[in-house]
């Protein structure tokens, strides 16, 4: 059984200028201890999805359909009470741009303690000891001293480690990492990613990695989900998706990434922009208007296309068809 | 309850700025301090006016610190016998030495006190002589009818010289600094606490011998600048007494059937007037001045500025007699006459000028100014209105460069020649705001000052009033009222020429 | 990815109309403010012609008459029609506010922009000036200036402008210090812009939006300031109609029951200030991209 | 190829309190005409500072910059705007949104550069130049009258490039031109740059975090670490056989490596944070502490940049060609 | 720490000098003539001239300025013409009254505005938000003197709820012995509850008047700061970590929002000090504000100069206090860094 299962989730934002259909019919599955990469260009709904899983979406957001199950529990039931109980303890999240994602005027140790105090019975000295332990766990040198540091006194990489320490303080079963390394140096990035991976392995923790760096996803995730304009257009084992992308968007995305290319000319660009999600006349396939394989039937609900074992795409005209 | 009956709470726009009336820059409310905390040798008698209000009686001098006095046969000196057992607040007996010291001080401090003394021909220390502890003699310089009355005004207060000298220094032989914030008197009230700009609290001096012991034991006099608030306080019964309100408020309060009553007396020797500076053309032309006098909307000013609180000083039907003062001018609002006069003066085309007034007097002067402005426009005179902040008014007057002013002036000593000396005389004192100079007037005024003969005196007075009203450098408009509003249960209010309240006669029921 | 827009983009008008519509729709108070503003401007333009009576003419026959069919707002102590005076005063009041705010905006904006952009001694001097003004109790400074120079309209404007100066300097300095490091300034420098050109073509146009907010807030303040000066007798000269002076004059009649003398000018004054404040708020929403969704 | 621009012992220090921050610390390099040089390095190592020195918007502390043999290092930054050489060095900025004046239309932006940097004052001529540049960068002419917020990220990037090339500079510096762009448009811009490079014969200095992009676009790379160049060489060679430990660590850190597939040797990775750039010890290797090979030698003498016959150079005690 | 405070204070000296020079020039430009004032109602032109010489007013401006500065440096702030009192004593006896009133107004405003602002920020766009904004803006839209008169009229005259606007204390009560000069504190020190209650009652109306005036900037700033902080990334982190909503709102959001609010607080305080001159006049409050107005209108140099200097000093200390407080809240701003 999977640890996290998102089933046909739809979410919209009510704004003055119209309803933004940010997620539509999104389904995901993540097994215990597994790692899933969620990729897609900016604005495709990756963050919104992860916020919805944690129940920290904007006040303007409404979940209009679907379910989120975590370890068998329905997170959305009882106005998300289940989710509130699990958040921070079983489910944890780290964000992009660690410097601003930490409270700038609170010592990092205290920020960890806040979480521990909320979710555990630890108090006083033991609480502090545990907080320092958390810092040590994420390989922060000299954790006793760093306990009293403020975020601005730490480098970006260090801040990200503190974030991870906060997220992992209560040994969650699922870690959602929303672009955890954007803005960090390649060397730091590698160190952080290895840390996440190693801790994940050690603690049997599942990871949902959100990124638009396909290289990163490819290296760290067993499974991949490609998002476009609030839809998941393709999911499957990482290598399968990379080698044989079926959805034209997934295919173009892999080709747009310089990783592994040896000539600039081979790089592909994806024409056009994400459609305006406020539109009421969005075609069933939201990629249709940018797609070179577009046909009339793209306007009708999408078929689920099984590319291979656990590899699915949602498209009327998957690339694979022709190759076959 | 008793405490309330024996406590009087007064709210005023401003309070005393120092406790020493001789001090440089002492303001009007500080005259009140002198009046209560100090005694004088003599005081004026009291009389009931026709409207039932008590007033001082200018014609009668009564003993205060002096038990009795004797004017010498030749009329050139007076000898006072001091009251036995009279004490200052600190218990020291009052002696003639104190009196001499006080009078010397009034002269020595210069400025206003010295000037006031001089008005009564009290000019030299040699005039004052302490014969023994209880006998004091004043030698006269000349026969001046103002000499005796002048010794009953606040400036002639008697100081505790021993106490004052204890606090004097070499640089400050008259203890001016110390006396600013402390009293050394023996008056009916002691100053219990004094916070400049906030309040002054008086307590009765139970050992006071110079008159009947006052009923009120404690007086709290607070500063409440907002007239509206003071009216509200009075209406709500939170204060017992207030004065210096806009005439409109007094007019209304005197009509109201509440717990408030108003005592009003026309201010003696006092008028509100429009002055024109005769050194500023075209006001150097009497025709123009007369034209202005004929165009002012007197009735409107009376109604809408003074709210009827005062005696009109215009539209006299009868000629000036010289026996009463202030007296009305013959002018009335007559546009045709005014226009004709302007034409005669060759000023048909009109001119531009500025009309200034003291902001502190704004409640009356401002509507007057606006009405005057409107009326003068009929003669093509364009008037700009200039409000001068209260404290600058004196300086502005002193410069004598304002072409047109609205002002009020009152003299303490109730004689017309005293008034004219200040306001029309060629010595060009500050209050001669018109810079008016006329040798004929000067001669008549000087003659009237020392004139013994009643008839001749009246002739002199009529003479200078007639000239002044014909040449009309200042246009009298109204003789203002002195109004005081108080709770109905407050009794015994007396009008004094210095306009300050005298709590000694007041009681609460 | 990075959504690093500078905090103060002013989009050009076509787009701004849309945002304006949005802000107004989102906030009913803003709509009221915009309407009120239009009304005030109209009043300032044509008030003297619309007024039913001569605002300066006394009518001693009907002093202190309460609101009636003839005199909607009643009359004052000299029988002048308060409605007319209130209407006529709009021009003077708005005039004072506009002139004062305009003056301080231009001077403060320029000074602040130079300070923020050039830094160094320019910044020190401008900063000192602004700090020194701020160290004064502002209202008292205004009083002092008017008392010293005389209570003419020009001096009231000058005094109000001076006490407003630090606010503009502050805004302009902060904004241009941010803009100094903005990419487009560096880019413009590479495009051959001299320092002066950079300042006038690239920095100043972009600090205008936050200044607009300040302007709107200060307009209200300027009116209040003039009213305060009137209260202590340093306002415009009589018989000119000005809201503050009418309130100050009317204040003495409140207790005696002639409430209308102070109330109506007071209400209009309050509405005007209210309007400017709300407008400032709305403009802030309009200008601050964070509030745009 | 002739040297277009040359930096000699270039130094830039920023005062930080009483101390000095060595942002650029003695750089020697050159860029030839028509050459594309990539500059990579960690965040804060001084790349942008170097760029600002080269574009002469920042006064240098010490050293020389020669452009075509003319010393331009001493021209004060404030006076550079009027200098005839201004147009020869142009730049494309990292964030296309931030680098466009929100109140200028695309035409204004491009035209301003054309008008101020060329003698041309003729409006028609400028119009022609602007449109030509727009054509060059593939910006549809109908977009020229739009404001930045009405343009997409890719379009804004094109405006930024058009502004730089409208005056036909000889050196174009690009400071992470695609870092703020989405993957979907990044490729187009890269290809556009590649095309411009060939068509216009300009020299490029290409600053980037993304080694993959540098590898694809550049002839030569320079690797910076804490204000100093630690390695240079032909792009292909450097990526194939990095010499300096830092370069090696960087390449090893790349997710998916350079060629795809799994990451390379984990032993090469370095951890920790760089030293402070404030008053660094001149006799100490700046990588010490993070370098897997650090020895006493590194603590006592800073390695110099050595150059070898094949045009490669590196600054490490333990590197031999 | 001490050294930095000292440095900050030294840094304020040029501003103080600026203030002194400007005030000096301004007061000399005032139209009044102290010599004429001293000469009294009967002063002749000669007498005035004599006094002018005595007061040193015939000297050139620079000379007068040097004399003034010399006196200042000796701690002699001159004498008030109008009250004849030493300016320094006047100011020191009156300052507590003003400060007590201003602080009460400020506390009142803070107590109302900050919750209001937080409330509005947690529900942006809701009717509560609009209401808060409406109330706060209405408060700042009335001239303070008018608000004061209106409040006095309604609550004292019509309703009789408030005590009489007669200054700091009911006339029948006597003021507590001066320790701090704050009646509220002094009365408690001697344990006189009657006086405490009396003083508190007198404070209500003027304090409300002041508070109303600064409600808007405070509420507005709180709201904006809270909105800004609530949308910050670290709040999302806190929420994702499952922290209690109250912890998020207060420990995380509010403490961060406090920083801009504190700056506003400083500005508002100095603003209040300046604008309570009118309120003091309305409520017969014996503070330095009403003193300054009288003096200014009277062209009374010394008190005006003394008042402005006091305010400038207060302003300097206020800013220092805010900087220190800022450092306490925000580690990035620690004053010794």
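As written, the chains take the letters A, B, C, D and E, and residue 1 is the first residue of each chain.
Everything below uses one rule, namely that contacts are C-beta pairs under 8 Å (C-beta built on N, C-alpha and C of every residue); 3 or more make two chains touch, one makes a residue touch a chain.
These numbers come from a predicted model, not from an experiment.
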Selected interface, C-D versus B-C, where C-beta contact pairs are more numerous: C-D
From chain A, the most remote chain by mean C-alpha position: B
Length of the line joining the C-alpha centres of chain C and chain D, rounded to whole Å: 48
Chain C and chain E: spacing of chain centres that average the CA atoms, whole Å: 23
Distance from the mean Cα position of chain B to that of chain A, given in whole angstrom: 90
Rounded Å distance between chain A and chain E, as computed from the means of their C-alpha atoms: 53
Shared-contact residues (touching 2 or more other chains) in chain B: 226, 228-229, 232, 235, 359, 389
Shared interface positions of chain C, touching two or more other chains: 1, 26, 147, 233-234, 251, 254-255
Junction residues of chain E - those touching two or more other chains: 30-31, 149, 153, 157, 281, 297, 299
Footprint of chain B on chain C - complex, ascending: 56-58, 60, 63, 77-79, 147, 151, 233-234, 237-239, 251-256
Interface residues, chain D side, partner chain C - complex: 52, 55, 57, 78, 81-82, 86-87, 89-91, 93-95, 97-103, 109, 112-113, 116-117, 147, 149-150, 160, 163-164, 180-182
Touching residues on chain C, where the partner in the complex is chain E: 26-29, 128-129, 131-132, 134-141, 143-145, 147-150, 220, 224, 227-228, 231-234, 244, 247-248, 251, 254-255, 262, 266, 269-271, 273-274, 277-278, 281, 284, 290-291
Complex interface listing, chain C residues touching chain D: 1-2, 4-6, 9-12, 15, 182-184, 186-195, 197, 202, 205-206
Complex contacts: residues of chain D adjacent to chain A: 42-43, 152, 182-188, 190-191, 194, 209-213, 215-217, 249-250, 252-263, 266, 269-273
